[in-house]
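Chain nomenclature is as follows: A, B, C and D, assigned in order of appearance, with residue numbering initiated at 1 for each chain independently.
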């Protein structure tokens, strides 16, 4: 075993272990950052595969994304710190079966498939190649990604901001009827006397 | 290259472990746990009614979503910067377009007041 | 041997002190910020010595004992200028004299508990959890259901509506009476959702009897300047400018002994304060009758300079807002940060203005 | 790309950080004394950090009701570790780099992002209201300055044609980035003030929340946190010196001395800013960062691009 092999096993086991811990902890904050730990280890494995930029970019991206995820998890989950004991899993039997089947399937693929063995030359200018690709053949993809992300930004603002340029975001909104063809019930509207609609109490 | 990463990882781990060891040893050495009145969070003499951990109402959540989208874009720019000098004007124009699209998003968010505390 | 060497080294450091002051001694405590031998901490957790100064109201006895217990061990208490009417607290030293004497006493108290930790003071409140919870309920969390327990002796926060349509958890907190950033004698009952205040109730201590900090005729320019500098020292400290707070406090003690160089220093201090950008960063915060926190800072700075340079007794600031409900109304809907900045900038009757007229 | 053996690397980084943290404490004492108008002797300033350590060691580390103990220990440890990681990617002299890899500024950015996690967790761990609020408002500020950091570092990578910080230093042999890209250094210093929460961005351990994130820290817990913060300040000072101030380039003196001088200079500026610049409210900073600073960062990139055509 070379040093790279040892490092691979260390990171791989750490990634799996912290991924497993995500489901064993009661605290949403711990769960978010255990998931981050798992991603960090995956990023390290990418670096071992000499995908230097992808690996380090994964560390960067996943960190800020998990921070944002933690903010929202704590906002909307009941008992976010797990101070009260609670059951963290739903439908455990189905989940167990699905987990075993998926693991077996992926494991089979990993063992059976003859993966190509094409080591990258450590001196290869992979980052430069990536940049050239973004400015060459993949330019259209790159610019479409820009437009897609613009749409994401606009949608995120529309969906999340409570107040816009024209006043309250919920002004004039009418709740749909509970059943098709049913009557509109004013007490379901978000605006007005604060009744109904927004008394959701989280949950997980 | 990998040896450089290994050295960096070693340095990080060493600093982390040394700091953690200081704190843990000091906590061990202090012996007795904090007493119940000592454990009450600092509020200037009063007691909180509830635990502090709660569904915390973050006031800047539209900004965080915007940030995620923006940050994802930025990851394209690192390799772009490396080949910029080589590609010259083409790179400048392409990135100009890209940034212009992004700026539209930021200006829109600003007009809608998404950076205000909700 | 090593321990005594460590103890001596620690005793030579500026003593970290948490001060609990009655309204009458609050100014004198702020003046201690000008003394490099001690460091007034923002939280009892950073302190080694608890300084209890002036008249503590009888109703604040439990709060005083709680702050005392929150200091990490080994801790010592020094009592300064206590009239003997407040809640009793065991002290390592009792001082009635000047600021210099109390600073020396604080240093000696620190050295003494370092040299012999058995001299340190024990907790005053019983070592009991807020409620019985261990073993109560099906999972031993002190209640039933996911939100119903009282794990570790406290219940969970519950939801409430908010202005942006979300209904997330509210924290009901009582801030004070001995919270470092708040003006003395002020207690706030707040409902927080996130960092925004949803509901505020203000409780002010009754005006105390005597002001030790500025004895003599309060209508003299020097007394007015000194009181202004006490406010400035605390306000700068709250805005994160501790070193400048030290300068303001030092100037206050110079004024107290009638130092003639003080007038030029006041000018310089006002310029330094303006240069920090604090006036700009407070613009738009806590506006009352068209004047925001920034305007109030500017008025107060001008009053200090006028009192020292021109010997003018400044016209008292309009105490605004006039009553507690109006004050609470000013704080609802703003962040805790802005609420603190607003409170610090205000002239609060019965809080910052000791009963000079009496 | 030469690399140091791990043992030498650890020794180098630990030595730089230890000297740096000590220096930050001494300079902090001197600057605060000057601003406060106190007399302080050189001996006293030099002894101040040791005395502060002695005070911390003799105090009990207090816990709160039901804190997250693991995260409470992990927060300062991770913050210190990330300071070391950030410093590791910065070459201190030609060939003297621990991790001067081709993705240097990405690794640096990742360390900076992970520091957000450490600071948030430090506020979260004690299960107390004031630290919690401090932690949350920091994240708002942090997500806003993070973009600035990415922009200015990318701009610095353009003329170097590489993301390696060593290459960025080499690219400044003729003209330093501070002149070539004049907006880069000021924006980067704002980021540094944010990561180490000082001066205008003193929104974490701040006095308006009675100590904020550190309100429940005592004894060694508080000392470790403060030391980690000073270490991060050193890492950012070194990065500023390397990326914008020409790193080891300079006449007469040896390369390493130039680097040390520039790092110390930036650190002194940052420590000074702590005592003479007032806090900006987080809400206003977020708005300001997106509407004023972000366009300035765009402009910085455009200037860098134009200059490299």
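The working rule: a contact is a pair of C-beta atoms (placed from the backbone, for glycine too) under 8 Å apart; a residue touches a chain by one contact, two chains touch by 3 or more.
Computed from a predicted structure; not experimentally measured.
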Pair joined by more contacting C-beta pairs (A-D or B-C) = B-C
Separation of chain A from chain D, taking each centre as the mean of its C-alpha atoms, in whole Å = 29
Message = Could you work out how far the Cα centre of chain B sits from that of chain C, in whole Å?
response = 32
Request  = Express in whole angstrom the distance between the two chain centres, defined as the mean CA positions of chain A and chain C.
outcome  = 44
Query = Between chain A and chain B, what is the separation of their C-alpha centroids in Å?
reply = 16
Multi-chain contact sites of chain C, meaning residues that touch two or more partners = 43, 45, 70, 72, 151-154, 156, 159, 163-164, 166, 168, 171, 173, 179-180, 194-195, 335
Query = Hey, what residues on chain A touch two or more of the other chains?
reply = 52-53, 57, 60, 64, 68, 71, 75, 78, 81, 83, 127, 162-163, 202
Query = Among the residues of chain D, which ones contact at least 2 other chains?
reply = 57, 60-62, 65-66, 101-103, 106-107, 124, 127, 129, 136, 139, 143, 146, 163, 210-211, 215-216, 219, 283
Inquiry  = By the document's touch definition, which label belongs to this structure's chain graph: line, ring, star, complete, or other?
reply    = complete
Query = Which residues of chain A touch chain D in their complex?
reply = 27, 29-30, 33, 36, 52-53, 56-57, 59-60, 63-64, 66-68, 70-71, 81, 83, 127
Task = Provide the residue numbers of chain C that touch chain B in the complex, in ascending order.
result = 43-45, 60, 62-67, 69-70, 72, 123-130, 151-159, 162-164, 166, 168-180, 182, 187, 193-196, 335
Ask   = Touching chain A in the complex: which residues of chain D?
value = 66, 68, 71, 101-103, 106-107, 109-110, 113-114, 116-117, 120-121, 124, 127, 136, 139, 143, 146, 163
Inquiry  = Using the touch definition from the top, list the residues of chain D that touch chain B in their complex.
reply    = 1, 3-6, 9-10, 13-14, 17, 57, 60-66, 73-74, 76-85, 87-89, 97-103, 105-107, 124, 126-130, 132, 136, 139-140, 143-144, 146-147, 150-151, 154-155, 157-159, 161-163, 210-211, 215-216, 219-221, 223-224, 227-228, 231, 283, 286-287, 290-291, 294-295, 298, 301-302, 305-306, 308-309
Task = Provide the residue numbers of chain C that touch chain D in the complex, in ascending order.
result = 6-7, 9-10, 12-13, 16, 34, 36, 41-43, 45-46, 48, 70, 72-74, 114, 151-154, 171, 173, 179-181, 192, 194-195, 237-247, 250, 265, 272, 275-278, 281, 285, 335-338, 340-341
